[in-house]
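Chains: A, B, C and D, in written order; residue numbering restarts at 1 for each.
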Amino acid sequence: MSAGSAEFSLPIRVYIEDTDAGGIVYYVNYLKYFERARTEFMRSLGYDKAALPEEDLMFVVSKASLQYRDPARLDELLEVTAQVISVGGATLTFVQSVNRAGECLVDGEVVIALVSTLTGRPRRLPTALRDRIGV
Amino acid sequence: MSAGSAEFSLPIRVYIEDTDAGGIVYYVNYLKYFERARTEFMRSLGYDKAALPEEDLMFVVSKASLQYRDPARLDELLEVTAQVISVGGATLTFVQSVNRAGECLVDGEVVIALVSTLTGRPRRLPTALRDRIGV
Amino acid sequence: MSAGSAEFSLPIRVYIEDTDAGGIVYYVNYLKYFERARTEFMRSLGYDKAALPEEDLMFVVSKASLQYRDPARLDELLEVTAQVISVGGATLTFVQSVNRAGECLVDGEVVIALVSTLTGRPRRLPTALRDRIGV
Amino acid sequence: MSAGSAEFSLPIRVYIEDTDAGGIVYYVNYLKYFERARTEFMRSLGYDKAALPEEDLMFVVSKASLQYRDPARLDELLEVTAQVISVGGATLTFVQSVNRAGECLVDGEVVIALVSTLTGRPRRLPTALRDRIGV
């Protein structure tokens, strides 16, 4: 049993493209923020697409859940976190949050799965990836 | 105790704007599809923004969860459903799904809350709305 | 020399996803509306992706220009037009507009080019396509 | 007559949210990149929303044009530029470009106008803004 990866954090500025007519960040867009943080977390491990051992593998999101506590607004500078809390045969489970000045605005959980691009079937996570994530 | 509202269904065509470099609908965008279906469901009840009894009320999403089963692709015609399964003092809980030719591709649950635009605090759902939803 | 295709028109409803913190449709999103209208225009000619004679062809946008006259707002029902005004060896030039109750809110011009997906080089428009467009 | 402002440049990473099923950046999204660069340019002048002298002023885009030369792809690191080339009574005209390793992928021109949020009418650019832009 593992204690999970370290928490990774990415600063993200809110632009007008992220907002809606309610004057706040459109709630759908927090999933984009979450993904940017996961992507940079993987990159920080030296793990971008080029690092996948075979051409026909890709990560897909299999589950996502979010809880909205307080809205972010235009021009604010946010911190978006990503942390792996568990690893399955073909999946990684992240907990993630969007924070402003230490206050959590949105948090959630995202499960991603490694699949074959040819068959869409799950594929076992490479050992090298598990090692780099440290879980 | 209520059996919930009838299931509402909205046809949605997949455009290039909805897709990503994986050649499939970008998973974040299913939340947009969900919202379009909820919006048209409310409109079908004669319930658009103008129907809110006071100017300073709006609906916000407080929770969302999704499970991704199979991807949708460019040009496909989807059916997106919205159904209220429970009603709280200030909240409506929807179950929703995205379907292609009778197969469920994505499903999930979305909780929306009525809040004051001035204070951000929850406000009791109007009786007229409860009556129209029929739950 | 041709008088161009007939004008095609597509009704589009404004959803919250289309708006920004200014309370109006985010100006970038009119390009999405334009593309939906072009796509449905092509589909109305029996011309979707399946109609391209070879697998390795696709249309790309090579130029776009827009003039913003008046903003659209949440929940409005718009009419978005697409009309081919000229045809080159590898290109189609569209004039397009977004209208509300007969008033033009945004108009512009979009040039699309047929290219090889393998080389990115321009490819001659199929005669069948020219015939269907009627220009 | 003015030589225009200095050229401002902002690094932008391409995420999956920016791409489409063609495997490239969705052409509409370059307008978002352009806007991020303009926003950071203004911020670099100490000129964010708080700097507008009156509450009821905002900038809107009145014209935009783009030429697409070569596509950007997932994970690429781009440089997006913004430079004011002329100033009118109520307008700023920017030339902008998206570059990868010194190669221009997309360029264009964007005209923004200062308007009253109450009336939608153009309002004279504040002298302080003209001075900071240096045109």
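As a working rule, a residue touches a chain if its C-beta (ideal position, glycine included) is under 8 Å from a C-beta of that chain, and two chains touch if they have at least 3 such contacts.
Source: prediction; values computed, not measured.
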Counting C-beta pairs in contact, does A-B beat A-C or the other way around?
-> A-B
Determine, using the mean of C-alpha atoms as each chain's centre, which chain is farthest from chain A.
-> C
Centroid spacing, where centroids are CA-atom means, of chain A and chain C in whole angstrom = 34
Note: chain C sits from chain B at a C-alpha centroid distance in Å of 29
So how far apart, in whole Å, are chain A and chain B when each is placed at the average of its C-alpha atoms?
-> 24
Please set out, as single numbers or ranges, the residues of chain B touching at least two other chains.
-> 16-17, 22, 28, 32, 35, 74
Would you pull the chain C residues touching chain D in the complex into a rising list?
-> 22, 27-29, 31-32, 35, 58, 60-68, 70-71, 117, 120
Mind pulling up the chain B residues that touch chain C in the complex?
-> 15-17, 32, 35-36, 39, 48-49, 74-75
Spell out the residues on chain B that touch chain D in their complex, using ranges where they run on.
-> 16-17, 19-24, 26, 28, 73-74
